[in-house]
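Order as written gives the chain letters A, B, C, D and E; numbering starts at 1 within each chain.
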Amino acid sequence: MTAPLLETAGLQAWYGESHVLHGVDLHVNEGETICILGRNGMGKTTTLRTIMGILRKRTGRITFAGQDMMSVPLHKTARAGLGFVPEERGIFATLSVEENLMLPPKVADGGMSVAEIYDLFPNLLERRNSPGTKLSGGEQQMLAMARILRTGARCLLLDEPTEGLAPVIINAIGDVLRQLKQRGMTVVLVEQNFRFAAKVADRFYLMDHGTMTAEFPVSDLPNRMDLLHRELGV
Amino acid sequence: MPDMAREIAGGKSEPVPAEHVAIHPRAGTVQLALLAVIAAALLLAPQFLYPIFLMKLLAFGLFAAAFNLLLGYTGLLSFGHATFFGGAAYFTAHAVKVWGWSPEAGIGLGVLGAAALGLVMGAVAIRRQGIYFAMITLALSQMFFFFCLQAGFTQGEDGIQSVPRGTLFGVFDLSDTMTMYYFVLAVFIIGLLIIWRFVNSPFGMILKSIRENEQRAVSLGYSVSRYKLGAFVMSAALAGLAGGVKALIFQFATLTDVAWQMSGEVILMTLLGGIGTLAGPVVGAGLVVTLQNYLATSDFPVTIITGVVFMVCVLVFRRGLIGELLESSFGRRFFASRRTRE
Amino acid sequence: EVSDGKVKIGILNDQSGVYSDFGGQNSYEAALMAVEDFGGKVLDAPIEVVTADHQNKPDIASNIARQWYDNEQVDSIMELTTSSVGLAVQALSVDEKKITINTGAATTELTGAQCSPYGFHWAYDTHALAVGTGGALVQEGGDSWFFLTADYAFGYSLEENTGNFVKGQGGTVVGSVRHPLASTDFSSFLLQAQASGAKVIGLANAGADTQNSIKQAAEFGITQGGQKLAALLFTLADVHGLGAEAAQGLNLTESFYWKRNPESEEFGRRFLERTGSMPNMVHAGTYSAVTSYLKAIEAAGTDETEAVAAKLHELPVNDVFAQDGKVGANGRLIKDVYLMEVKAPADITEEWDYYNVLATIPGSEAFMDPAESGCPLVTQ
Amino acid sequence: MTVAPAMTQTEPRVVLSARGLGKDFAGFTAVNDVDLDVEHARIHALIGPNGAGKTTVFNLLTKFLQPTRGTITLLGQDITRTKPDKVARMGLVRSFQISAVFPHLTVRENVKVALQRPAGLAVQFWKPLSSLDRLNGRADQLIDDLGLTPYRDHRAADLSYGRKRVLEIATTLALDPQVLLLDEPMAGMGQEDVRMVAEIIRDVAQTRAVLMVEHNLNVVADICHHVTVLQRGEIIATGDYATVSADPRVRSAYMGTEA
Amino acid sequence: MTMIFGIPVAALMGQLLVGLINGSFYALLSLGLAVIFGLLRVINFAHGAQYMLGAFTALLLLTEGGVNYWLALILAPLIVGLFGAIIERTMLSRLYKLDHLYGLLFTFGLALAIEGTFRYYYGASGMPYAAPAALTGAVNLGFMFLPIYRGWVVVASLIVCLGVWFLIEKTKLGSYLRAATENPVLVQSFGVNVPLLLTLTYALGAGLAAFAGVLAAPVYQVSPLMGSNLIIIVFAVVVVGGMGSILGAIVTGYMLGVVEGLTKVFYPEASNIVIFVIMAIVLILRPAGLFGKDA
């Protein structure tokens, strides 16, 4: 078996003085979609931010595509092939939709073309000249994802892509994720919406107070419902 | 707007280490002995050094200490303190020279005038914070500069010259250099005591807490802007005290004292000596004044050195001389209680 | 009997600012030349000259002066370009009881209300400039004036003297505008002068300020419009700085011109060799002031201030700068001044040959009568 | 002597109320049409997903932000246009989501800063610091109540995250407020601390009103008398915990399960 | 002569034009300050010194290398921009993690050191720099003679201001800059080298100051202190316009130049102060500035 595309070991991280990650071990294989579940404030977002290198007060090990990421400066993380879609989406108000879309530089070949993206998200095409933050929440979420698809990133870190979205849009995003998977994209998904996650993820991690307390494949889901019920109130 | 440059550089500065250094049992004795030495030195200094130079040093020491009252204890960087220093110099000089007031009354007018200017400038400036505050004070003081350039009583470019020193309380003839020196020394000590008291008072405690966490202070019911304004006026008044005395020492009040370069100079003194320490600004003033004196008759411009010292201080030496000393293991043992700012 | 065994003269002036061409380092050289020509010693005591830059700030100047007197045994201070500095140092010197000989400043206040028993005013003053340049222009028909005035003692004095003179001759002053010392942009002031419709625009400023005013007046077509510029204080150094092309035709008043007679020419060429420029009235005046001071010490047999001041008042001045100059009771050196016209470039035969001397104005006309100067020392 | 008005602690009395409260940020509505009544001697919880506008509501109530719409009444007085420090002096005191202490002051000094104002020792710039010594007793009492005695002379910056929150509550209580607003008081605390702080809150709420934002639903269920759920700036449910937690909208919006 | 409020129309128009010329410099300089502030959050106190450096570079290029005005107009901003880049990279960038006041203090020291050095070598008096032959002379506008060079100053400053505005509002690089102002970390996580962007921004700001300096050289002469008083007026312009607002800086620059020109006609004594008075009023009524968003 080949080495995982993305792997962390003993990852710890701090916000100023508050210790948030207490040793996160996680691995993602190429082409796989994993999902990190957990209650509010357990450190899911922090895990993604730490892998991206946005949170730099960290120790432990992060390997991506065989490369040690701990010492890579933030602006080079993307070039290694990691793409990040933040929880707050990060749409720029002073940029139009199209400018937002075109903003991230291409880091590798194999990204989607603009035409393909507009195919995937017809709403964006319609509104491509309006200011980014005038979009609805769902559209903003699509734009945030679309933005990364253009760059040729091999692995997407998605932070709660369904938060605050209507079910129909959630379904649309689910479709997009499945399409991406067919194209061989690797995805790390952080979700509170378990039902959504269950439809797209191959494997689950359960996070509690800054560590991974459980890990299981989607096939094992029925056996784990108890645990999830206890931990998440599912 | 997010604070990009700072975020890029990796968040707010390092957390303060929680070290506990034992205070040396004889720390109090050492502090007292040091004070005694300084007092003796100040009393005897005019026997060995040029008294005018010493007086200049004391006046600027007081000015810097007054400035630091604001920067060091409320975290407000004023780039306009020349207004209070120079404004008071004008008021005092005018009162003494044109109205024939006694020196103490003249200085009193200088202090009051500076306080009034402080009230006006402060009321406008404290509407904004940080760099905005600095720029606004700078611009307002430049406005005052142009006012002084044009107002008749300041004599424009000529300045108020040949200001008589007069007779203090009708008893002490200040035209005698030694008498003048001891008068300035007395004012200096009184000024520093006022600052010390101010900082170590209930009011000072509130100022300190405002600097540490303004939002929290508001939520505890403190009207932050009034406290800041209070500190601003106090600092202005003390800077005015220094300015009034300066006018009598040099018998002169000119545009140099209200120019923005003077505001820059006092910042340098404070930065060099140590922001937020009681002795730092005085030491910094001493260094700067000595340097200026040394270079006054050479043609090497002081500003080059001033500029470079500024850059070095900001880049590697932010605690200043006294700050570094207090932070050293020696300082921590003997002066731990004196530290008021990280 | 020379105090501290040597005579020390301070040359205090602007060495880096707007007036650095006007007096500047070259005044120091003039003083050194005077000392060398005198033989380097007086009453067997060596003579030393020190110098400093006061940056046109009266407070800096009086600090240096004080330090010189208190710590460095300087016996007298000379040059003192710019009126605010001149007044400040002269006042300080009264307290310190030291001699000052002012060659660089212009204000008549120095020998007027603020005169000093130990203060002397040597080269020129605003009265002389008004009579010289002002008089010439009024005679040519320039009977309405607008002043562009440097905003400090010197400018006021020059404006007032010239204005009074013009009015005395039947002319009018239609207005004035003040500009800060060392301005770079005169355009809006010049436009006001232009709008005033005055026939003459009097430049009551000096040094680089005047040069810039003249240049910008040309840019804005003011001279083409028929108005005439009066550079009230303009010297050879300024003509050189501005260039003969731009300066041609200007009337100006100086109390010295190197080409006026063989002695002055000999002095001028020595000076040129030493400094690279010909002396103007400030440089020649400084040479004369130092020489006269040393002569007075010699005559008094001491460098004690009262005695030397008395001799300075008493002795006539005869040197390359002045012939039969007399010092009034107010400290004013009374000597001839000259009205010049700047030659057209075509007429210039050698470098520094900038002037036609139009008239010689006798000292008694050029300078105020000491009795009328308002100096309290005169009336007693 | 006249008989005191019959007001027992159990009788509901609204001390803080908001009507039609709204806040727009540059075209984006963070809070909309919020009605809220906080009662004396009751603990009222405000919950909702991240970004629902809870902190914004706090900022509006304490006047750290000026509402775009609506009115706020505190103890019968309209405070819609009042300054935040004035509101605090009227008896409405808050804590912050990101811990708010004075880091370079000691624990005791932190508490004393809060005690200074009610004691009338705030503007005296001519008095020595020792004039504050008379506040020590009350300060130490509060410190002790909250179990901070061992840390009394430590600088606040050196405390653990949880203890900072406790300290913040101590400073807040020092003002003896009528209404207490706590923004995520348990966030970042260990299980021990959570239980202690919950006890403290329950305790202090006997004599004053408490409004708190909390994500820890166990605590909410445990100590809160009343729960209001916010989503996208609007109230989607309000009532006691059992009612609210049974509401399908709340379950889908907040608790993460689609009905 | 036609009069308005007792002032001849010709004189009024003349002063307006002179105000516009000054405004051109205010606009260029405050634009540079706004660009630097927008991204680096540094108040570039050395902006006046960089303006002076531009003028001096042009002068030295001419006297030492015989480089003419037109070439200097391009070369000097590049040279000063490079100098700015080096300063940013080696020193300024260390200060980002600290309070912004340190950036202000550092650049203040830098300004003093640069100006002191030039003062030491070249004295404080102005040195003439001739306008290019093509732009000498004046045109008679009827109400006044307009020196052609000054007309060119207005045109050149407008072109550059619009150019920079276009660069920032309409290009890819500009979209990085704007995005980075909103959320630098995210932009960096997209793979944009934001530290490099910061360096370039500082260089751009310094280069703009130098460009203004070259433009100013024939008008105001070249002197070491030419920027030191101007910079404070420009600060006031930026505060009035709203810190960090590109358009605000440009518009306010021209506007305040004209207001200042008018003041010279109606109440000359106040002309030095008027900009500061406006600043105080704006601060009281609209603390964020005329075009500023953050209150």
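Definition applied: a contact is a pair of C-beta atoms (placed from the backbone, for glycine too) under 8 Å apart; a residue touches a chain by one contact, two chains touch by 3 or more.
Here's who's who by UniProt: A, D = ABC transporter ATP-binding protein; B, E = Branched-chain amino acid ABC transporter permease.
A quick note: this is a predicted structure, and the numbers were derived from the prediction, not measured.
*Asks:* Give the fewest steps needed to get from chain C to chain E, where each step moves from one chain to a chain it touches.
*Replies:* Minimal hop count between chain C and chain E: 1.
*Asks:* Could you pull out the chain whose C-alpha mean position is farthest off from that of chain A?
*Replies:* The most remote chain is C.
*Asks:* What pair of chains is linked by the largest number of C-beta pairs in contact?
*Replies:* Highest contact count belongs to chains B-E.
*Asks:* How many Å are there between the centre of chain A and the centre of chain C, using C-alpha atoms for each centre?
*Replies:* 81
*Asks:* Please compute the C-alpha centroid of chain A, do the same for chain B, then give the distance between them in whole Å.
*Replies:* 54
*Asks:* With chain centres taken as the means of their Cα atoms, state the distance from chain A to chain E in Å.
*Replies:* 44
*Asks:* Provide the C-alpha centroid distance between chain B and chain E, rounded to the nearest whole angstrom.
*Replies:* Computed from C-alpha means, the inter-chain centre distance equals 32 Å.
*Asks:* At which residue positions does chain B touch at least two other chains?
*Replies:* Where chain B meets two or more other chains at a single residue, that happens at 8, 10-12, 15, 149-150, 299.
*Asks:* Among the residues of chain C, which ones contact at least 2 other chains?
*Replies:* Where chain C meets two or more other chains at a single residue, that happens at 15-16, 180.
*Asks:* Two or more other chains touching the same residue: where does that happen in chain A?
*Replies:* Within chain A, the residues that touch at least two other chains are 17, 74, 93.
*Asks:* In the complex, go through chain E and note every residue touching chain A.
*Replies:* It is residues 172, 175-176, 178-179, 181-183, 185-195 of chain E that touch chain A.
*Asks:* Quick one: in the complex, what on chain B touches chain D?
*Replies:* Residues of chain B touching chain D: 15-16, 18, 197-198, 200-206, 208-209, 212-213, 215-224, 230, 234, 341-342.
*Asks:* Where on chain D is chain B touching in the complex?
*Replies:* 62, 64, 83-86, 88-89, 93-96, 100-105, 109, 112-114, 116-117, 121-129, 131-132, 155, 157-158, 171, 175
*Asks:* Would you pull the chain A residues touching chain D in the complex into a rising list?
*Replies:* That would be residues 17-19, 39-41, 87-88, 93, 133, 163-164, 167, 192-195, 232-234 of chain A.
*Asks:* Would you mind writing out the residues of chain E in touch with chain B in their complex?
*Replies:* 39-43, 91, 93-102, 104-106, 108-117, 119-120, 180-185, 188, 194-195, 198, 232-233, 235-236, 238-239, 243-244, 269, 272-273, 276-277, 279-280, 283-284, 287, 294
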